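Naming follows writing order (A, B, C and D), and every chain is counted from residue 1.
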Amino acid sequence: MLEKIKRIGVLTSGGDAPGMNAAIRAVVRSCAYYDIECLGVYRGYQGLIEGDFEVLNARSVRNIINKGGTFLKSARSKEFRTPEGRAKAALKLKEAAVDALIVIGGDGTFTGAIFLEKEHGIPVVGIPGTIDNDINGTDYTIGYDTALNTVVDAIDKIRDTASSHDRLFLVEVMGRDAGDIALNAGIGAGAEEILIPEEDMGIERMMDSLEKSRKTGKTSSIIVVAEGEKSGKNIFELAEFIGENLEGYDIRVSVLGHIQRGGAPSCYDRVLASKLGVGAVEAILRGENRVMVGITNKIVTSVDFATAIQGSKPMDKELRRVLTITTV
Amino acid sequence: MLEKIKRIGVLTSGGDAPGMNAAIRAVVRSCAYYDIECLGVYRGYQGLIEGDFEVLNARSVRNIINKGGTFLKSARSKEFRTPEGRAKAALKLKEAAVDALIVIGGDGTFTGAIFLEKEHGIPVVGIPGTIDNDINGTDYTIGYDTALNTVVDAIDKIRDTASSHDRLFLVEVMGRDAGDIALNAGIGAGAEEILIPEEDMGIERMMDSLEKSRKTGKTSSIIVVAEGEKSGKNIFELAEFIGENLEGYDIRVSVLGHIQRGGAPSCYDRVLASKLGVGAVEAILRGENRVMVGITNKIVTSVDFATAIQGSKPMDKELRRVLTITTV
Amino acid sequence: MLEKIKRIGVLTSGGDAPGMNAAIRAVVRSCAYYDIECLGVYRGYQGLIEGDFEVLNARSVRNIINKGGTFLKSARSKEFRTPEGRAKAALKLKEAAVDALIVIGGDGTFTGAIFLEKEHGIPVVGIPGTIDNDINGTDYTIGYDTALNTVVDAIDKIRDTASSHDRLFLVEVMGRDAGDIALNAGIGAGAEEILIPEEDMGIERMMDSLEKSRKTGKTSSIIVVAEGEKSGKNIFELAEFIGENLEGYDIRVSVLGHIQRGGAPSCYDRVLASKLGVGAVEAILRGENRVMVGITNKIVTSVDFATAIQGSKPMDKELRRVLTITTV
Amino acid sequence: MLEKIKRIGVLTSGGDAPGMNAAIRAVVRSCAYYDIECLGVYRGYQGLIEGDFEVLNARSVRNIINKGGTFLKSARSKEFRTPEGRAKAALKLKEAAVDALIVIGGDGTFTGAIFLEKEHGIPVVGIPGTIDNDINGTDYTIGYDTALNTVVDAIDKIRDTASSHDRLFLVEVMGRDAGDIALNAGIGAGAEEILIPEEDMGIERMMDSLEKSRKTGKTSSIIVVAEGEKSGKNIFELAEFIGENLEGYDIRVSVLGHIQRGGAPSCYDRVLASKLGVGAVEAILRGENRVMVGITNKIVTSVDFATAIQGSKPMDKELRRVLTITTV
């Protein structure tokens, strides 16, 4: 197989994540190392359909390893969700003599790649790049570690003001389907409670806990709420509910929002992205297809796209236990 | 006067600001330097009423110069707004043999001090500590410079994702009455538009500008909106309005919120707080009363409380002009 | 065993590392959770000898999870290296009715604990806290991830000036025996070369590589040097050697030094410290002794002290390969 | 004059400083606003001699306001110090139809500009960009505020480890001729002593002070040393001297070095650079020549180059006093 690969395309798709640039850089440099030409595709699958390509060499990716976002840009493409759209994209790839495609993103990105490969036979390999860490078959996704540090840094700031005023803060963090960010950043930030989508802990339990804290004289608290948590209330309703049912708390809400997606990637994310970028090119050279390269127990591994996108990861019960014990 | 001052009280009141701890430290150390006893008052005017005091010495304030928030805590006190509340506070101060009081905060804080002095003859000196920079008689308030850096850092992160997705972001920053944060941080962050409370720029003008940008192919933009801006719409309504009236923009909203109040103070704020803390103690020793110490053209100066709290600062028109020119 | 443990001592020893406070917090909170009294020992083994103890409860460790350093302080103790010193320490522990001791630190710390247990029968459990990541039996030590981010952030700054001036920078990072920091932070920072103690790569190879880079017009470069690297030259001699043997390079040296030990811990280090703090207390409750709790494949595990301190970890050859490929 | 200016050149020279990119951006945008063409000169005066030019438009400077360093690069040029070198440069400027030149840098940069104007009649305006804040005629230079924050952040980290180990740290910061960085960052970081080039405080006084501290039980301290301080000893000799003459101190040295030059500029530096960039273009349009635009009492002003580069700023005696009082 190795001798047949002359040109590899690379794109980023879905929500951007810190470290995507480091992953692109590693893909480009690995291509240069193995004497393969690398074609950058702008704006994800939409750019694929439009033939928005540029040849990238080792120098094209200088000084980007520390930059947030993705210089290849990302975009949603309705057209690519249709067979016609994907046919156009495949045509553009064939015209550009692209032998295989590396896609960096999340489960939506991989789903698109599966269709492209199935319908048009273009070999595809994926790299998990999303802050949500909601992909199976990899311990960590690129951007997740950085997002955790951003959240913890933001909550450290909020705690300064919470402590100064003896206030209760509800802080909403990202994670529509997965509570990984909420659970880890919440423990890291020393939050007193964490509400996550994987479990319905019952608002009653939280109210009891707050009531108990208040009785011990502790009225400044941080509650981390994942945006998809199951209480059935959004964070502002939750704040109102607590305010109406508990006396003695001065309650504030903070929605961290999009700052969680940006910023210079952490060292871990840069190194992970570098490993997976090299791993993706080498997977193609080994003839692998329809796989995502991920990290498992510190080793770069490949898993079927089908495995990567199926269902959701289970909640880390041990972390839940650590939270309970350390907020005694 | 100097020989009569044996004990000085110090409190923080109103919204907390980074650098308040550095100011307290400088007050405490200056007292020690001049052989005066320093009494820390917890939880602002409420703690004054309750006699929540603690003697502070030079070692009490070690390793706090770099901490956000205020270790003396702050609180709102309804009781202190009544003559009866202030009488209680005055009694506590007399019982504790406090000869003068230093209050760190904003205009509400100074207003309280004016009443306390007028009704009970307790000498008071103020230090401007608020992120809003909305106090007359000082070029800068403690916490303002740090808040600017926090905002700029947050918008840098948002720009990563804005650029990656060609999105338009509306970012709300603090400043109910003053657009200083919005104007300075907006220019610092390279925002394309800034909406501030001091002027009604007209949404039409902004829409024209966005329309023009879009025609030049620029669809990723940052618009900074001060929380009190005069368009008559809140930021979510504004986003909806733009979305309904302009095609081609993918719009997102980010409300920075309370992260702007916390964090390690910048070097500027630490030095300013140190200068003003020394200045406040020395103002008392010179027999000054009902004044705020501030910084004007790099010199520590005193102004009457009446001047400090009157009206609002005018908008910096030169900065407005710089924005117009640099977003050409 | 469980019913016999009424009181646990905890100390930090050796070089401090970000996250030690988070580990102490988790130990204290776990003790509170299991209704055990926790005794903090100040200044490591020296404080043990002097009986410098304080009872810690859940509130003693509020708001420290985000602080660098160790509030229990650390110190070197010559006296503890003697049987007499350890006898004094054991006596103090018995007087204070301490049933078991948790020690947080590196291999020197664990070696001390082994002697204490062997000579005086005091159960000991260790937690790996060192920025060097040079302990066997755990994938990561507390503080290592933070140090990597600190180094990468510093080199990002240096790269700004290196690029502006087309300069070659030699940057010395910590790691006397292990090149983990140099290798990971070097890849993360996009360094062109990394010199580490585990291998003598030969200065010739580096000189060839620099010569080659220069020919392609690239004269701004970062070379990361671990403090213990095997070239036989210190970093200033190395700079001089390169300057004398290669034309066209403007060379500068930067020794990062002690900033690598401090700073707010990363989210990863805070979570790891929380897990291991809980794990250490539970190991004692299970009757374990002479073990270190570590993290292996994301699971908290125990290993014999003997294993933890033996020899050095092998270099990560895969990372070396990733470096070679991505600096093509 | 206004109608005669059709093309303005801009270059950065001397040591790079955070905010230089923001200044270039403002120059380029101001040119666009006034319908003038802007020519970027790479690598300072050396690039001027070589004609290393590129036309810059408003889009050329997108997304650089937050980047450290200078994308136009800087370089030292021996050739430009000769009349022949400057004649070559002048010729290149005339060939490129450049009507006036804006130079961003420090006193060496302005000295070069004075010669170029005197010998060849090319109008020149300067912008002060240097972390040292050692230019007359401006309250602040671009990059200085950022450097202060970088230093304070580094010393905060060092203090974590200093406190944990009860160590005395000597920290060397930049400032060969001016102690502004040492004095401000030292106060900001809560240093116990600050040694600066403007005064010979006498090592004896410092030794007395350390001796006194030690007697009060305080053995962890930070001493900030400007690289040009007048004790006659370099920082390593100083450490040795203290170690030999004072018992009870565990002494460490940290040289902060080049990290002080890099990093994302602070908000203040970005806004200052924006103002001065606009100011420089407008100064040219008003027909000014041989001047530097600076900031005095928050107003953009022009001063003769001769004034800007003469002698050194006096030490801020008030800050020295604040230091003495707050380290009581």
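In this text, a contact is a pair of C-beta atoms (placed from the backbone, for glycine too) under 8 Å apart; a residue touches a chain by one contact, two chains touch by 3 or more.
To keep track of the chains, here are their UniProt names: A, B, C, D = ATP-dependent 6-phosphofructokinase.
For clarity, every value in this text was computed on a predicted model and none was experimentally measured.
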Touching subunit C and also subunit D, the following chains: none
A-B compared against B-D, more contacting pairs: B-D
Centre-to-centre distance between subunit C and subunit B (centres being mean Cα positions), rounded to whole Å: 39
CA centroid of subunit B to CA centroid of subunit D, Å: 28
Centroid distance [mean C-alpha coordinates] between subunit B and subunit A, Å: 35
For subunit B, residues contacting two or more additional chains: 156, 159, 163
Contact graph of the chains (line, ring, star, complete, other): ring
Contact pairs between chains, per stated definition: A-B, A-C, B-D, C-D
Contact set on subunit B toward subunit D in their complex: 25-26, 29-30, 32-33, 58, 63, 65-66, 139, 145, 148-149, 151-153, 156, 159, 163, 184-185, 187-190, 264, 266-268, 270-271, 274-275, 277-278, 297-298, 300, 318-319, 321-322, 324-328
Interfacial residue positions of subunit C with respect to subunit D in the complex: 12, 15-16, 18, 20, 43, 67-70, 73-75, 150, 154, 156-161, 163-166, 169, 252-259, 261-263
